[in-house]
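Heads up, there are several structures right after this.
One chain, chain A, appears in both complexes that follow, with chain B as partner in the first and chain C in the second.
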Partner chain A sequence: MALTVQDVVAWIDKSNETIQTNKDYLTTLDQAIGDGDHGINVARGFQEAAAKIADGNYTSSADVLKDTAMTLMSKIGGASGPLFGTAFLKLSTAVKGNDPVDYATFTTGLKEAVNGIKQRGKAIEGEKTLVDVWSPMADFFSRQADFDGEKIAEEAKNAMEQTKTMTATKGRAAYFKERSDGHIDPGSASSCYIFKALADVIGGKS
Partner chain B sequence: MSYVGVVLISHSPKVAEGIQDMIRQVIKDVPIEAAGGTDENEIGTSIDKIQQAINRANEGQGAVVFYDIGSAKMNAEMAVEMSQAEDVKVMEAPLVEGSYVAAVESGMDKDKESVAAAVEKEFG
Partner chain C sequence: MKKIINDPNEVVQDMAAGLIAAHPDELQQLPGTTVIAKSNAPIKNKVAIVSGGGSGHEPAHAGYVGKGMLDAAVAGEVFTSPTPDQIFEAIKAVDGGAGVCLVIKNYTGDVLNFEMAAELAEAEGIDVEKVVVNDDVAVDEESSRRGIAGTVLVHKVAGAKAEQGGTLKEVKAAAEKVVENVRSMGMALTPCTVPAAGTPSFQLGENEMEIGIGIHGESGIERKSITTADDIAKELTDRILDDFDFTGGDVAVMINGLGSTPEMELYIVNKQVQAILAEKGITVYTTFVGEYMTSLEMTGCSVTLLKLDDELKTLLNEPSQAPAFRS
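Showing the complex of A and B:
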């Protein structure tokens, strides 16, 4: 299976849809251990990104991902802007000239995305940030041989749930230290929705 | 005569403008530019706003950039990278005190390296 340009557009659309639906939940998560604006920020960012790509007549997945990245960077307004922006920008670079996007290319792109996020946020695994979803997902893609919607959704949910047991040492939640224990990291939750959206697009194809 | 510019990045437009006012009371000629809040002036930071502030502050002598918390640092770094300006430096110092020191140093005709060094000596 490979992702067509339309699939990639559908992925961003679906991500937006899922994030809009869960906007209040994301905000609730962020109110517990952050500044309470995560839901509003990512909802605004993805709304704008979906609107931006709806206008374009795209012939390459890389362009869809690049426009998504640039919009998220300038519209989110919180730390997840540069982080999600970097992730989609790295994906864009990796899939450039590879339409439709095959599994190996996408997997390479995810690895690049994780490296980009870690470098930008100066974070590593286990610090209760969105790295804790993107990194295990990149590893998961490396272990598998092809896109599998159900497994992707399950893996992303597990990774998100794992952040509950972590103590935040990076990002705004780090100010709360041990008080962040037992709470799901908001950035991991929105990242989980992005992978869930991808899973839905893949599920719809098979 | 131009000076090293100072850029103030805060999640709050009020904070950035407030510091600008504080510095302006003492330092009149140094470019002090505020990039507070999102594009809609809500709480957050904006790469576009930061880039514009850097461009205004950099009158040819470069600029030093100060930030508050969270996304401000990442957005500051991205804005600097995207503008491809080599003579702009993101500083690791308290926003209020650091920018004040930088403005005073810049007002004494110091170059960017000397301004940055003075801030680093004080807060590094």
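Showing the complex of A and C:
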């Protein structure tokens, strides 16, 4: 299986849809261990990204992902804006000239995205940040041989749930120290929705 | 939620428009952005100072744009860091060829977005230096200390140094001297509500207060029953004095209201802070009492102390024409 330009457009659309539906929940998560703006931030960013993409007549996935990255970077704000922006920019670079995007290329892109996020935010795995969804997802893609919607959704949900048991040492939640235990990291939840959206697009193809 | 607003999603734009309308000769809003800049920017061969952050801390930061302080302030959404493209626009608009010094409060969001903007500016050949303010002693670990009211004193000193003709390196050094010598701590009686969220981000009981709270309601050191102004002033001041040696130099004092604290109460706090400093033999050179770095409608205050040397005294005394800091 490979992702066509339309699939990538659908992925961004679906991500937006899922994030809009869960906007209040994301904000509730951020009120518990952050400053309560995460849902508002990502909802604003993805809304604009989806709108931007809807306007374009794209012939390459890299362009879709690049426009998504630039829109997220300029519309989300907060800590998550530059990080999601970086992730999609790295994906864009990796898939450039590789339409439709085959599994191996996408997997490389995910690895690059993780490296980019870690470099920008100076966080590593286990610090209760969105790295804790993106990094296990990249590892999961490396272990598998082809896109599998059901498994992707399940893996992303597991990764997100895992952040519950972590103590935050980066970002706003770090101010809460041990009191951040038992809460899901908001950025990991929105990241999970992005992978869930990808899973839905893949599921719709098979 | 009870607020004097129109559309909750338009509060930053509405505020910017009102601010410009109040100071049409001194300030301008860069078209299509939430950047407030001096109307006569860029000033040739003067180092420019750019700051910014989430909105909701008014008069920070746009109120500090003016001759002798900032050249531009970038306003993000309420309590959310502004984005790199906006910060980049600010940098481009104020660079007069001598470089731009970015004053950043130490929050992951602000640091990441300003860093990206600095990279964009450097790629266009603009010299940029960054100064990160972390004056909040409520956080133990220094690397994760937040930037709060002490940031205003960094604006003042950096702006004055630039006005005197300091180079980018000299401006950065003066700003960093403030960062090294400034400490703050705050407390709150009530939470605040982000307009787009509609509900308070945390709760405090009727008789509760939180010591060490941040300017976005970040959790503090301790939540306990409310006590007298003298006790509160002592708790905040003692923490600050424990953290840094303020003896052997004069200090500047800032008693900052978080949004809904009557000035009367700020002066009551100041009375006790001054008494404690006098008792410790620390001479107060100058005192600022008022709202400098707020947290929407939060009730509470913060205490800031800055240890001064001759250079910092001179720079604090330089004139400022910023609407929220005339001196």
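One rule holds for everything that comes next: the second predicted complex is superposed on the first by the 206 of 206 C-alpha atoms of A that agree within 3 Å, B and C clash if a C-alpha of one lies under 4 Å from a C-alpha of the other, contacts with A are read in each partner's own complex, and residues count from 1 in each chain.
Here, a residue touches a chain if its C-beta (ideal position, glycine included) is under 8 Å from a C-beta of that chain, and two chains touch if they have at least 3 such contacts.
What you are looking at is a predicted structure, and each value in this text was computed from that prediction instead of being measured.
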item: Clash or fit (per the criteria above) of chain B with chain C on chain A; value: clash
item: Of chain C and chain B, partner touching more chain A residues; value: C
item: Touching partner for A:179 - first (chain B), second (chain C), both, neither; value: second
item: Touching partner for A:81 - first (chain B), second (chain C), both, neither; value: both
item: First, second, both or neither for A:121, with chain B first and chain C second; value: both
item: First (chain B), second (chain C), both or neither touched by A:73; value: both
item: Residues on chain A lying within both footprints (that of chain B and that of chain C); value: 35, 37, 41, 73-83, 120-121, 171-172
item: Touching residues (chain side chain C, partner chain A) in the complex; value: 54, 76-86, 107-109, 112-113, 115-116, 139, 144, 146, 194, 196-197, 199, 201-202, 214, 216-219
item: Complex contacts: residues of chain A adjacent to chain B; value: 35, 37, 41, 73-83, 85, 120-121, 171-172
item: Residue ranges of chain B touching chain A (in the complex, touch as defined); value: 38-39, 42-48, 69-71, 74-75, 77-78
item: Chain C-touching residues of chain A, taken from the complex the two chains share; value: 27, 31, 35-37, 40-41, 44, 73-83, 120-121, 170-172, 174-176, 179
